[in-house]
């Protein structure tokens, strides 16, 4: 359905229900544009993001994965984002170590009041991923070639 | 005095790096100014007139040469407007124009006395001429 | 040493208080030592020498829960960390195991001897720091420290962290910076690192040896075997999945891996899998403070913990290392 | 401890006392001040215009030279301190100025504000400590009521200078106390003396100077100390009220017993 | 296999303008399991819902996907619709094609394509949904009010009058708060104490209210309806039950160095003191830092003279643990520290005072017994300057001050000016102001009265410098209207300082997980529609803790918070979250990692008999308390075997969404 067959990045954004999903809604009601490549998956808390979901997204052809959650200290469940912060740090570092482009994964804290930040973050992330180009490595870490 | 290039409020804002729109016209700058009585325009007016784009009025002001550069206005401004920077920027736009040096070296000797430190001369030349 | 252990075990097993001993027996090839459960009668078959590199702690997960009686385990200093970690995770009941710490001065990697060009090995005898190797082509010599197992070079020390009694002397065999290999990789460009890992992981045949030996991989049912996990695959469905397997495995044991090095030791393809885990250990220590999994029982590992001041994930962009 | 030291033009001519007593005292306190071989005048006025690059260069050269030696840069003259400190801030925080200045200078390694600029008084307070200074005093100035005159340049803008609370400074009072004298607080100590206008509008400068001196006199000051040559000139020459005005380094040298008659 | 119905909403033109809704409905027909797909102008309307109900029945749908606005808007609506047609409410998924699609995109092709992907993801997730039933949890019928000022007192009274138990925790030795320190109130000029103290007494005597003074919240756990609070009751070294408040101890105390907090530290008090005459509880307190007994081991005069035997030097802090159903934050404010504003000579002269200090000077029970005299020499002032907006309305990059308008200063300044002129017509009062902000009932009339009737000199402009010159305060400021710099030799200067949240607010906010703004005011759950609730359920806001306000606004908000609390406590039980964690016992290792990351302590372990292909026998298994679990999912990621999963957001549901999006 796209106008032309040029490559555009596929971005999966995991948003916690309480802050960032609401922030994305606010970006919407404020008519703040960001690219349509970004598709949001609602999770209850940033700590629900299993690293397996990130890898799965890449495996299935995503070019970038971003996690948005409440700011540290503001987690609806008190501590969820603190765990998410450590988990993603370790995961991203491991992917970096395996030679995957650093820019493909990101964590950003977006509150329910930060619609503008949500839109700006997505615009910036899409820009970064577009510059990085297609995700070849993670989909293409061919083992038998 | 005719200007070859018209100086705009944007020029002054750019040179000064100041955001004049933050000014709420509380007048604390002018209340703090130690040389208020010597000036025809006062610090808060520099922000206000700049907002209105009336740069020419500012450029013709005698206040440009009465400002002590003591930064009391900038220091005490509750909104970080820094009027001292606006005054300096306007002064720069004036002396950068042809024939608008406020002070020239040949005028200096008459003003000197024995004890006057270099600092006074250097700064005067820098402030009032190209 | 072996005699001393067997004699002590005979004493312990004499009154039937213990169900048996987890120790090493002769394997299929001359220098292979395989885990085995011994009773008093079978003790003659017990082996303890420089080839007993394997970590026995994982075998206690099943054995110790089978019987009411206590079981005796022979653990080298490094095995103790895995043992403690499994106790922390309630996979082993500490009260049901009598741990004999056995002395260790580093174990020998026969592959390294072969790689040094010594072929047709028929026998190996030790003479202090020197190994005398009988081959079909005559006797050769090689320095013992040159053929130690990879994991011995990252030795965590000679202390047994959980022993009820200790038999024999131990020596620390750590050689320099254990993160040296990790740092070498870090110093490469992203492209080079990617090529390195692609090269290594493409050798994987999904034999699951690493998973089966890993003391941290003690799950009743592995996520890769679980149809509901979303990552189930017996054999790789697509090419990405081998590496996915290793990334997920490394991540799953993050914070719990004691750096025992068994994964790399058993890999038939010689993939340096421990370099994945060791990088995570390095990260965790740098970012969240020094932590050694299995140092003691009951620790809270760094990924189940946090501080308010933890670094943001973007720290990776600015930290030294990766280019 | 070795520091780079930027004296500035005035200290080489009309304000020799400020410089010489500063050096003598530093030597007594075990501080080695190294004056770079080639330094240029800082210009005396901080160029507030964001597009003024050329007028910042002489300061940056001095700052970069200190960086080469791996030393902090010590200043004495208030004006030089003000200019160097703020230009250094620009090099740290204003990417455009930093880049444009470096384009001009073509240094071996670009200068990005790495040097720390310290005023002599900050050196005494933060590196040596007023307690240490106190114990080094041999001629305590007992019973002398000294008023500090801060002026503008050391204090403002407070956020950039980071020198002291610009509305309630205490560093010179603490300094006076360390020398055994009694500090006199008065309301005009951080108000401008009008020195810059001494050439243009002597009347205004006289009015400001008188306001300061009479306020200090009312508060019981017997002496005023300052760090600025222009302030010193103005307070001495343009006020009706007469109180001795001295450089702070002169009383420092006196208290440390290293004062020589010049 | 599910039988899924897809319903695409136009939302008038909100969606239909940038998403081809018919194309979306058409495209979804081709998805596996979708047996019905349609579009309609307003799905949330009665007609739209009827259409859904009919389709569910007609096509025997097992689940529905509604492509509409955010689930935060109408998920509950469509769940109810589903229930009324006999479906489980959790067999409903929403594809957010308005906020996250039509409203942010302009190109219709782009919008339509994205809407289809979002709808597909919802269908993919729905395939893995299972019917869920929510549990219930009981409600503890007691409220905790933190802060005993007028806000806390009013909320407590209203809740208690409805028949529920209320505990007030107050950190100082008495309730009353800032209002107790005020002399008169604007715009009526009635005496603050006269209207406040009856309320304090009422609270103290109310059988449902329990005042825990000199105490602070130490920790809090639990969730709405089921909070457990630990309260630290600080040792006051006085037995509250024995002390009669006679005050003999305060007279006998030889220590006179303590600063009287109630009088803004303008005078000294003894080490044992009662904050003010109408304090509640009317019980003394010992300031251990000043007390000679604690400092030297000697003295004990108070103890010797206490006929009630109430002095107890051995008293220790006491920890009280209690359960609550609701929590009200009423922590109030304090004036900012004026010492950062020495351009107004606050540090240089005792005759420069803040407005709250001035309030105490004007008060008959204050340090000067209500006499207007200067703190420095106790002389009567003849000229007073008030400076407004001290520390208010500053930009955030300024090193001092607050970015907001403190709201009450214009009015209390007019009050001060008026009171001075009324009592001492010989005193000139000048007020420097930027704007006189008086939007309130009878406020502007009040301010005008100060100008017209009392001849208060309002000068539009700010003061640049206050200089202490001899025994005068030289005030130099702008008169913007007359275009001149004015110089006033005043005898006193009053600083109308900004107010800021109480310093305990930040740590309390963290403890309650209640969000706060950058100025440490508590944030409302919704700025318009839920102004007295904090985002976490069961936490309510009362008074200035939420933002600057005057007394009537505070009282009104306190009542509103009370109404919300009563609404909650009326219920016998709350419906729990149905989306809770669940253990797959067949594969749980019992490794105890999930328990470590659970913020609610909802996970425990039991030895259970397990019969599965992998294991037969008794094994340690994790169990989730569904009433406690809030469904964050932290445990699911920590679980190495994947035995722990989150209902409604299962691993396979999320993975299906990922797959559908990346398809």
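Order as written gives the chain letters A, B, C, D and E; numbering starts at 1 within each chain.
We adopt the following convention: a residue touches a chain if its C-beta (ideal position, glycine included) is under 8 Å from a C-beta of that chain, and two chains touch if they have at least 3 such contacts.
Just so it is clear, the model here is predicted, and its values are computed rather than measured.
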For this session: Could you tell me which chains make contact with chain A and chain E both?
Result: C
Exercise. Which chain is most remote from chain E in terms of Cα centres?
Worked result: C
Exercise. Would you say B-E or B-D is joined by more C-beta pairs in contact?
Worked result: B-D
Exercise. Whole-Å distance, chain A centre to chain D centre, using C-alpha means?
Worked result: 53
Exercise. With chain centres defined as C-alpha means, what is the inter-centre distance between chain D and chain E in Å?
Worked result: 48
Problem set entry | chain C and chain D: spacing of chain centres that average the CA atoms, whole Å | 66
Exercise. What are the residues of chain C that contact at least two other chains?
Worked result: 223, 229-230, 303-305
For this session: Quick one: which residues in chain D touch 2 or more of the other chains?
Result: 158, 167, 191
Seminar exercise, completed: Among all residues of chain B, those touching at least two other chains are 72
Exercise. Which pairs of chains touch each other?
Worked result: A-C, A-E, B-D, B-E, C-E, D-E
Exercise. Hey, which residues of chain D end up touching chain B in the complex?
Worked result: 8-10, 13-15, 41, 43-45, 47-52, 55, 77, 79, 152, 155-158, 166-167, 191-192, 194-201, 204, 208, 229-230, 232-233, 236-237
Problem set entry | Partner chain E, residues of chain B touching it in the complex | 22, 24-33, 36-37, 42, 44, 72, 76, 78-80
Problem set entry | chain E contact footprint on chain D (complex, rising order) | 158-159, 165, 167-168, 185-188, 191, 215, 218
Seminar exercise, completed: Listed in rising order, chain E residues that touch chain B in their complex are 343, 389, 393-395, 397-398, 401, 432, 434, 460-465, 476-478, 480, 485
Exercise. Mind pulling up the chain A residues that touch chain C in the complex?
Worked result: 51-52, 55-56, 59, 72-73, 79, 82-83, 85-102, 105-107, 137-145
